[in-house]
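Both complexes shown next keep subunit A, but they swap its partner, so subunit B is in the first and subunit C is in the second.
Showing the complex of A and B:
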């Protein structure tokens, strides 16, 4: 079997799929790219058994065939080659692979395609269509809020809730929560599934920045399909906690503050906080916000005052600065609104002006004061 | 012989004389001049501290209480009060912090102070004497000190100065000062090493000074060389400035060895509850817990586990119990249980969106306020009520065998 294509096209396709290739997988063949050639189309498949990525690109070939190519060697070779046509000559019997570039020949041995795990296929009819940019936005706004606590498995992923004409993305580590909602999507059913944290970065890496994207799902997998790339993610089989139940509805006090001023102030103050616990105190009085921290171990102390609008009882409330900064960083609006009740209840953070077609709501739990 | 000519340090070692006894006498003057024993009153208790009057009967600390009482039946035995000892210890620490440039608190009643360079002003001895007078005046507690060029010699000098006195070992006089003393006085030499040395005919430090260092290494290994150096008055270790506690712990020896898992769990719950309150009171979080068991055959086992930083009972108690269940496999009588929290960091408990309701948190706040006002055990979980009081800070811990 012989096929030729542009080295940079192949590199691009390989990089797209390489995130599913682990460093030290349990089965050796998971280190490989599976190349499948069928009527002048090359399909590249990678999998880590949880997430599988499939992408296609046109090639010139003399016959159909399959071969599993060691991932690291191929990727490094392609990276080291300037853009040029390259040719693979594969002996399907011996699995010997010869790569020919303008500079010379490179020989390596492939693996048996029979060993390559089969890739789950969408069997469900439930599908929704949306623009790929929405998925990127949603993942960027939620992935950081997921937990890494193995004991609470459901929280180690992003919960996707499809509810007729809206899609909700939930992520939480039990200390902070992000709920991101698209309101102008059309679909005619409801569903809820959890995408594992690890798949999220692979999705972001493999899916195109924009263009049509369809999402299909069944009980065990979610399938993302764009023009030339498909990603199948195994879902986390756990019950996602009831998010709606913990969103406070009766937080009477509202703080409105310039998002960037607030974020930058927190970043500066956090330098002086204890490096492990990262805690800062917000002191709120009428239209005034003071942020301060203390690190007794090093006698560090910092204090800043910000102008804001605040119409509530004076209060001291303490937060983890890192959480607060992470949340503020993914908001697009100029001003943020934080609704508070007292120092033992979650604060509700929202952009002051919401963008058309989307809703962003965040919760942050204070630390005991 | 001093370390070498470049080492012109001036180190003071201060030690409060019979600290626990002195505090008790301060609180109750009727105890003056009487033999006093402080320690567990039960048959298994040991003497944590004793007055000089009691020492005349041959009693020393770490002696079983039963033996001490038979040596001196008229001695007054006190259970000890960790809270007031800590309070007075803090008081003395504050006076030293106020006066000294650099100090290390090496135990509840011992301090090292680095006075290097102070002789330019008014002399180290003068400075140390003034500080000692101030401590005696302000705290009412007798204290002794030794001044020398390093920590080891200063500590030995304090031992020689006691009670209620001071000694200055001038630079260059370290070796002759140590020579006539028993090798037992070198801080590293315990009962066992002392026996080994005695068997070799080494009783006085003078003898070690005559020996080659290699010989000591041959007999006692690596420590031998260290002891040899100390015997020559050589000790380059620096004074480590006072630092925050890195862990808190508590343990309890049962009156009678037990396999009663219910009692063990109750005790662990009570201990955890107490330590967790201490964490919250001092605004700290722990990231590592460990449980220790000592069996009736004195075999000791412990197990530790890293956890998410926390300071609340409802996370710590299950974690401690889980460790206990993993550890207690032998079905042998248990003599002692202990809990330790380490990896302490400054901070408060990060509440959980799903598990902590505002109600739970307010409950903690209310309980902690009650404890602040009425004492640690003024309010407890029903599940820890069966446990007899557990000391949060146990001054007898090291002696409780």
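Showing the complex of A and C:
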């Protein structure tokens, strides 16, 4: 089997898929790129058994065939070659591979294709079409809120709920929660699955920033397919906690504050907070917000005052500064609204003006003292 | 690895087959029984049966890609956990030894814990499945299965879980659909009660002499006569039987008889010469020597009690010459030497000492031994 293509095209495709090649995988062949050639189309497949990435590109070939090529060797060779046409000559029986560039020849041995795990395929025909940028946005807004507690498997991922005309992304680590909804989609049924945290970053790497994207799923995987790239993510096998039940519905008091001012203020104050608890106190009186902190171990102290709108009972409420800053950082709106009930109940953070077709709701638990 | 020809455990295979075909297989199974009687082989056989694309009512097809991958131990939905020792750092992953594990199983499906620890260079270390390894088990079972069918976790030598096994309780008690946990253990008493009570316990009995004999002949490891002889000596331990058949144990038998002769008729210089030769043997063979010795003693006891008739002249002689107490001391001596050898004792020093002790045991005045 012989095929040729541009080295930089191949490098780009290999780099895109190489994020699913892990170090020291459980099966040796997972260190390889699987090359499948079928009627002048080269399909490159990689998998770490959790996330599988498949990408295609056109080539010139003389026959169809499959070969598994050691990933590291190929990738380093391609990186070291300037842009030029290259030719692969593969002996499918001995699995000998010869790579010809303008400079010379490189020979390496491939692995047995039979050992490569078959790449999962969606069996449900239901697909949801949307713009890739929406997925990127949703992942960016939710992935940081996932937990790393391995004993609570469900919360280590982002829960995706498909509900007829909307898709909801949930992430929580029991201290904070993010619920991101977009309503601009059409779909015929409902589903819920949990994407593992590790897959999320690979997904963001492999998918194009913009363009059409379709999502499909079966009982073990979720599939994201763009024009030339497919990503299959293995799902977490657990039941996600009931998010709707956690979100308080009757928080009577509302604080509205400029997001950037608030965020910057928290960042400054946090420097003086106790390093283990990161605790800061918001003191709310009518239309006045004071942020202060105290670290008794080092006699550090800081406080700042911000202008805001607040119409409720005066109260002191304590939050973890790091969590609060993380949440505020992913909001796009200029002003944020925080709904509170009392100093022991969760605060609900929403942007004051939401974008059309999307809804963002965040929840943060106060720190008890 | 050939899962079509594993050592015969017909009855259990039949029962497992019934559970699978009737869709009644519980999600947690504990296979326990004496050392090296094919429990791991059974577990792998069962796994292949579960994973096969086109199983019939008796066995997996053995040809589909799932079957091939299970046999090669590279199936993405089949996970393993086994005792290891901390290498370089405290939290050593089972993955560190995964390549060794695959090799070891491919070489010998009936290996025991000593073989395994020797294989990974931890003869002198305590094998353990640590809390970190338990987390790894939970983590690997936390995702949905790769191929959307079953996922299987095989925990070999589950008694080494110790108290850390508590971490697995939730997984064992409430696994998600299609999850199977197969625990394999020799000493079931060492597994936490809380784990045992959550599993279907299947006792895998000792292999019969006929089964071993047949296996050795079928696998062309020994000729008919040799197979019979080995099967009698190894008492249901297929691992030992395979080792004996590949290590020319006629020779070990001869060395053992020589040693016994020294016990009866002692002479200094030839004995030192004999010890020199012995210390040149391979470490494995030296251990084999004492394992063989223990089997010999057991046999001797059987004969003395009149349970079996012997064709072996050495046994006939010793049977008359030694009393119960002396045979007992001989067994203790073998055990002591085996213990020292496994901890890298120096063979020449050990054997010189053991020879003198042997002489004292065999030549001791009977009235003195009773007076002790």
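Definition applied: the second predicted complex is superposed on the first by the 369 of 369 C-alpha atoms of A that agree within 3 Å, B and C clash if a C-alpha of one lies under 4 Å from a C-alpha of the other, contacts with A are read in each partner's own complex, and residues count from 1 in each chain.
Definition applied: a contact is a pair of C-beta atoms (placed from the backbone, for glycine too) under 8 Å apart; a residue touches a chain by one contact, two chains touch by 3 or more.
Every value quoted in this text rests on a predicted model; they were computed, and no experiment measured them.
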When subunit B and subunit C are modelled together on subunit A, clash or fit: fit
Contacts of A:344 with subunit B and subunit C, given as first, second, both or neither: first
Partner chain(s) touched by A:279 [first = subunit B, second = subunit C, both, neither]: first
Subunit B versus subunit C as contact partner of A:367, first or second or both or neither: first
Which superposed partner A:241 touches (first subunit B, second subunit C, both, neither): first
Touched partner set for A:315, first subunit B, second subunit C, both or neither: neither
Which superposed partner A:177 touches (first subunit B, second subunit C, both, neither): first
Which of subunit B and subunit C A:219 touches, first, second, both or neither: second
Shortest CA-CA distance in Å separating subunit B from subunit C in the superposed model: 5
Residues of subunit B defined as touching subunit A within the complex: 244, 280, 285, 287, 308-309, 311-312, 345-356, 358, 361-362, 364-365
Subunit A residues within the subunit B interface of the complex: 149, 172, 174-177, 241, 246, 274, 276-279, 295-297, 318, 320, 341-342, 344-346, 363, 365-369
Touching residues (chain side subunit C, partner subunit A) in the complex: 65, 68-69, 72, 74, 76, 95, 98-99, 135, 138-139, 141-148, 170, 176, 179
Subunit A residues touching subunit C - in the complex, by the definition given at the top: 24, 26-29, 49-50, 114-115, 117-118, 120, 150-151, 153, 156, 196, 218-221, 234-238
